[in-house]
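Going in written order, the chains are labelled A, B, C and D, and every chain counts its residues from 1.
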Amino acid sequence: MPTTRRTVLKAMAGVGLAAATRPLASYGASGGQTLKIGILAPRSGVAGTVGECGLRAALWAKDRANASGGILGRPVELVVEEETNPKDTIQRLNKLVLQDKVDCVQGIVSSGVSLAMGPAAEDMKALTLFWDGTTQDGTEESMPHARYVFKSTDNECEAVMASLLAIKYWRGKFATVAGVNPDYTYGRNNWAAFQALLKRFGVEHKVVAELWPKVGGLDLSSHVAALKAAKPDLVFSSMLFADLPIFMKQAHAAGLFETTKFAFPAAGWQHTALKNDFTPEGMIFGHNTLYFAYPNASPLQKEFVKHYWDAYKDYPNWEAERAFFAFAAYKSAVEKAGKAKGGAFPDKEAIIDTLEGIEVESLGGKARFRKDHVADQIFYQGFTVHDPRYDFAILGNVEVRSAEKLQKPSGVTFKDWIANGKIEI
Amino acid sequence: MPALIETRDVSKRYGSFNALSGVTLAIAADEFVSIVGHNGAGKTTLVNVLTGLLRPTSGTVTFKGMDVAGVGPVRLARLGMARAFQLVHIFPGLTVRQTLAVAVVSQTGKAFHFLTSLARDAQVQERVEAVARLFGFEQLDLEARSLSQGAKKLLDVASAFALRPEVILLDEPTSGVSTGDKHQIMRVLVDAAKSFGVKAIIQIEHDMDLVSEYSDRVIALHQGQVLADRPPAAFFGDAELVATVVGKRRVRD
Amino acid sequence: MTSFLDILLGGVFHAAVLFLVAAGLQLVFGVQKIINLACGSFYALGAYTGISAVTWALAHGLPRGLFLFALIGAGLGLAVIGPPVEALLRTVYRRDEAFQLLLTFALVLIIEDILRMIWGANPQELGNLYMDYGTVGKGALTVPTYNLLVIAAALLVAIGLGLFLKRTRFGRLLRATAEDRETSATLGIEVGRVYTVVFTLGTVLGTLGGALVVPTAAASLDMSVDLVVEAFAVVVIGGLGSIRGAVVGALTVGLMRAFAVSFVPEMEMLSIYLVVIAVLIFRPAGLFGKAAA
Amino acid sequence: MKLAAVVGLAALAALAAAPLVLEPYPLTLLLQFFAYGLALLGLNLLFGYTGLLSFGQALFVALGAYSAAVCTRKLGWHSFELVLGVAVVTAVVVAVPVGLLCVRYVSIFFGMLTLAFGMLFHSFLFKFYTVTGGDGGMLVERPSLLGMRFSEMDKTTFLTRPFYWYALGLLAVGTVVMWRLVHSPFGVHLSAIRENPRKAEYLGVEVRRLRLIAFVIAGVYAAVGGTLLGIRTGLADPELAYWTHSGNLIFMTVLGGFSSFAGPLVGAAVFIFLQDSLMSVTQYWRLVMGMVLVVIVVLFPRGLVGLAQALRARVIGWRRDARAD
């Protein structure tokens, strides 16, 4: 994404026209009884960049699977549809399940859409693996005990980890706290989690500012001015769209970074946009389930990152790992269930039983689905450093924690878990 | 006989220009009144005040004893006063039948009949056809925009008559029509008034032949004041008055 | 005290950005009575093209400090899309406003996908290039010089447009056409040509604005749909068709948002719509517009 | 009148038989058509018949969806008749004050004021997160139809069988009622307002009051359409009230042809099926839809129905000439 390397002409040749000519409907090898996987990913608007990253990873995973003979000998085909708003995305889900008769649906980034998709997929008995989406309030309400839907890690994991890092390394170094979180469910849940953890670990603090910029807003100078007036010691912000680099630029220009510490649990989605010249060192950044430059990353991750750079001259964010994990978990579950039935293709119920508790090698390392259909992956967060190899900030010392320590166990509400669950710094 | 329309000391000022000053008039039933005067003498302002479109700066306007100063055209139409304009006002996209039906529906108070069919409403259609026949419209399902200029003018006036008003104000009803047809139109207007029980007609007219032949009372306005208010014979008898009101040469057009 | 000034400056900067979005919309409506829903899309096109122009220019030896001229070049260069779009709109001048509004809505849909085709889904931005111009002020009250440049540009456009309309011959010509299209046509004013020039000028105001502001922000796909709403608020409050109104409208929205963020964070966006509704009820023509109910 | 009735009944019969013939997926698209058909009948009473272009009609569609959500989710009322009642009442309660403010203006000003109200409702839904669920929206549970829960059916069968016929019934009733409305004395007064409001006043037409009534009726129709959408999606979310949704409603109306009664219904059907197929073919479906809108606005202002009528008139013309020679 660094613009110096992407000129207008190259973009035309690369993503743009090529995608338009090849029918979007089905990327896939032909021959044999094809295994169809429906993909629902945003292509435009605020989350367009994230959806594209996930789709690229799904394509790579599909090509890798087909290169080694598909799944149980059946070639895999992706049927890609666009995730827009809940009303139209449910229509796309219907098309995938009722018309294309896909064997599995994977995708979804927005929480609003996942709230609508959950009950709809359950009702249609459509095996669905979410990449992202589920927020705290939504999951309890809409899918108390899902059978056909497998959910991503709780959205608050990144906020929990960033809060724990802030407490671990900065306890005693901050008294006043401010929040600049995007004005929607995700932003509100993360800010609530941060405050609950400060209370849980008895960190004395006073909230001096609580700001709610519009999602994807383009001018944050007023928010920066408000923060300067409040003079917080620590700012917690779960901004994650184009507004994040803008906020960093305007905050840096206003000299906000000299005295204040910053924690950005979801910075990973915009990592290549957070340039060194306006992103100081020592900030907490969350790359979450995929940190592309992790020194002792798995060979699988290294191979993917290399592919991603060669194909798109860009570095992947965690959405790629979510998409890869959903594909890998499904593939492994089908193969395990198939082996148990002597090589015949397993039915949906058998696949689901195998998926519950399955563990696979994903891009970010070991990842599994808990019995209650919630994903459990490895999270990477750390402190920013400037590295000559990249013009954007990457992580210095990287903390690695499995989601098990960052999200509520099954059967416990989030509030109870935060208040008295087993959480170590 | 009580006056149908009465104005007492009505004046209308626009900033420093007073369009009307101290106009006192009474118009009773069975009168055909012509209002004459130069352009800017206040004719149209007077009609706008009489039809409730304009609120007079001072003075009162009553219609059938009720104060109607600036009450607006909708209420006055309901009370029985109709108006047709100098510039043709029609509903381009509506047919002749529909145009007349709009007036009949208002007059019969059926505006809030939501679910009954207009086409099958005998009372309305009958009244529409009566007006159409009288004004010589054969094809009722032609769109107004496709009519000739003269027919549009006639439709405009006809729709006013379709309201079965007690008083009708016409602003140069025959303007833009060839001299040959002028008398023909005036005759239609007079017949329509008689057969629909219109009590009084007030018209702004420049053509002195029509004024003298049809109206039984002439009101001359000059610089916002009533210069004269007398029957046509007395009006045309006074050469000096005619000169000031109509100007030197007679209007030929 | 400095925080008050800081918030004030933040508000003025936001007002400048809003004015650059709304000025084109205002001019085109003022003369042609057309509400251009695609004003946000032109602004976004200016932003994206500005970034590519700067990237290309820097890669071809333009010294960093002169990136501003690459931006201005990109903004002005996009004037080329004015005439064809106006030719398209010309087909519906005589028809109901709905058609003009819908045609610009079609442009919003078309331009959104063109942006994605050429620049892809990732937000584009120019990093900290604008900080090359340093900052002004000291201590708590430091402001990037570039922000002041944007404010100055907005002022320049406001004054320039005002003078252009009042003083120059062509400007008076425009106001005559705005007053009454038919009579000015009879007076021999070549209305067609005037409309092409006005619409192109309106387009350039948008694209130039987009290019100028992008270094402080970023170009992302959803900006063309989002900016329309704020531009509407500015134009409605200020009064349709009046440039002075757009300045006051932009200041009202910009300052209100700045102070709302600091003091009543919950009401940030909602307060704008409430003001818009209030203006439309009590002063329908807006603060400076001509009543046209 | 004769031809229209025949065409109407034929369409109704075909749509009623669809669930027995078609695959479930096209039926879910038809369900969207029923919802948008109702909303557009209301919008065209305002736009095509009264001459008022509302750019905020999506506000009432969202209102309908959220009424369904509040009833089934928050209050636990699952009877669909009750949900419809609540949606209608809410629509009237909102449409009267908003209408009172908006009908004083015409053309561009009416459009902008309705857009402002639409966006005000959108940011209210988005902002007051604790009350409305913010961007996550509010879930809509399956209602009972005439007391029957059909709990033995999964949702797709429920949506493509009982709920499908119920929605078709609503559209049929809505169409007949709207047909009577526009052909009633009230209807001719609305058309007079569209053609020449000043002249209408002089013929005793209460322009403001009738515009308000038309605005409220349009709001009610949109809200009923909104409840159908809410139940079909299973969620009511703020995007339903965004201004581009209102823009799409007008796009459909003009696509079909706003100067004819059936135009909006045709426009809704064509738009839904066209966008659905485009979305599966290319990721740049917005570009194609934008171009379709340009072609319609520039070349076929009377929409598809207008085009069909023109072709039919020409064909009759040829046949008559042929017979005459």
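A few comments on the model shown:
Here is the rule we go by: contacts are C-beta pairs under 8 Å (C-beta built on N, C-alpha and C of every residue); 3 or more make two chains touch, one makes a residue touch a chain.
Note that this is a predicted model, so its numbers are computed, not measured.
Across the assembly, the chain pair joined by the most C-beta contact pairs is A-C.
Relative to subunit A, the most remote chain by averaged C-alpha coordinates is B. Centroids built from CA atoms put subunit D at 43 Å from subunit B. Distance between subunit A and subunit C, defined via averaged C-alpha coordinates, is recorded as 35 Å.
Per-chain CA centroids place subunit C at a distance of 33 Å from subunit D.
Shared interface positions of subunit B, defined as residues touching 2 or more other chains, are absent. Of all residues in subunit C, those that touch two or more other chains are 112-113, 116-117, 266, 269. Residues of subunit D in contact with two or more other chains: 127, 284, 286. The set of touching chain pairs reads A-C, A-D, B-D, C-D, using the touch definition from the header.
Contacts from subunit B toward subunit D in the complex involve residues 51, 72-74, 77-78, 82-83, 85, 89-94, 98-99, 101-103, 105-107, 110-119, 121, 124, 156, 159-160, 162-163.
On subunit D, the positions that touch subunit B within their shared complex are 1, 177, 180-181, 183-189, 191-192, 194-196, 198-207, 210. Interface of subunit D with subunit C (complex): residues 47, 53, 55, 101, 104-109, 111-113, 115-117, 119-120, 123-124, 127, 243-244, 247, 250-251, 254, 258, 284, 286-287, 289-291, 293-294, 297-298, 301.
Those residues of subunit A that touch subunit D in the shared complex are 19-20, 23-25, 43-44, 81-82, 85-88, 90-92, 94-95, 98-99, 110-112, 115-116, 119-120, 123-125, 135, 137-138, 141-142, 183-185, 188, 215.
Partner subunit A is touched in their complex by these residues of subunit D: 23-25, 28-29, 32, 126-127, 129, 133-137, 139, 154-156, 229, 232-235, 237, 239-240, 276, 279-284, 286.
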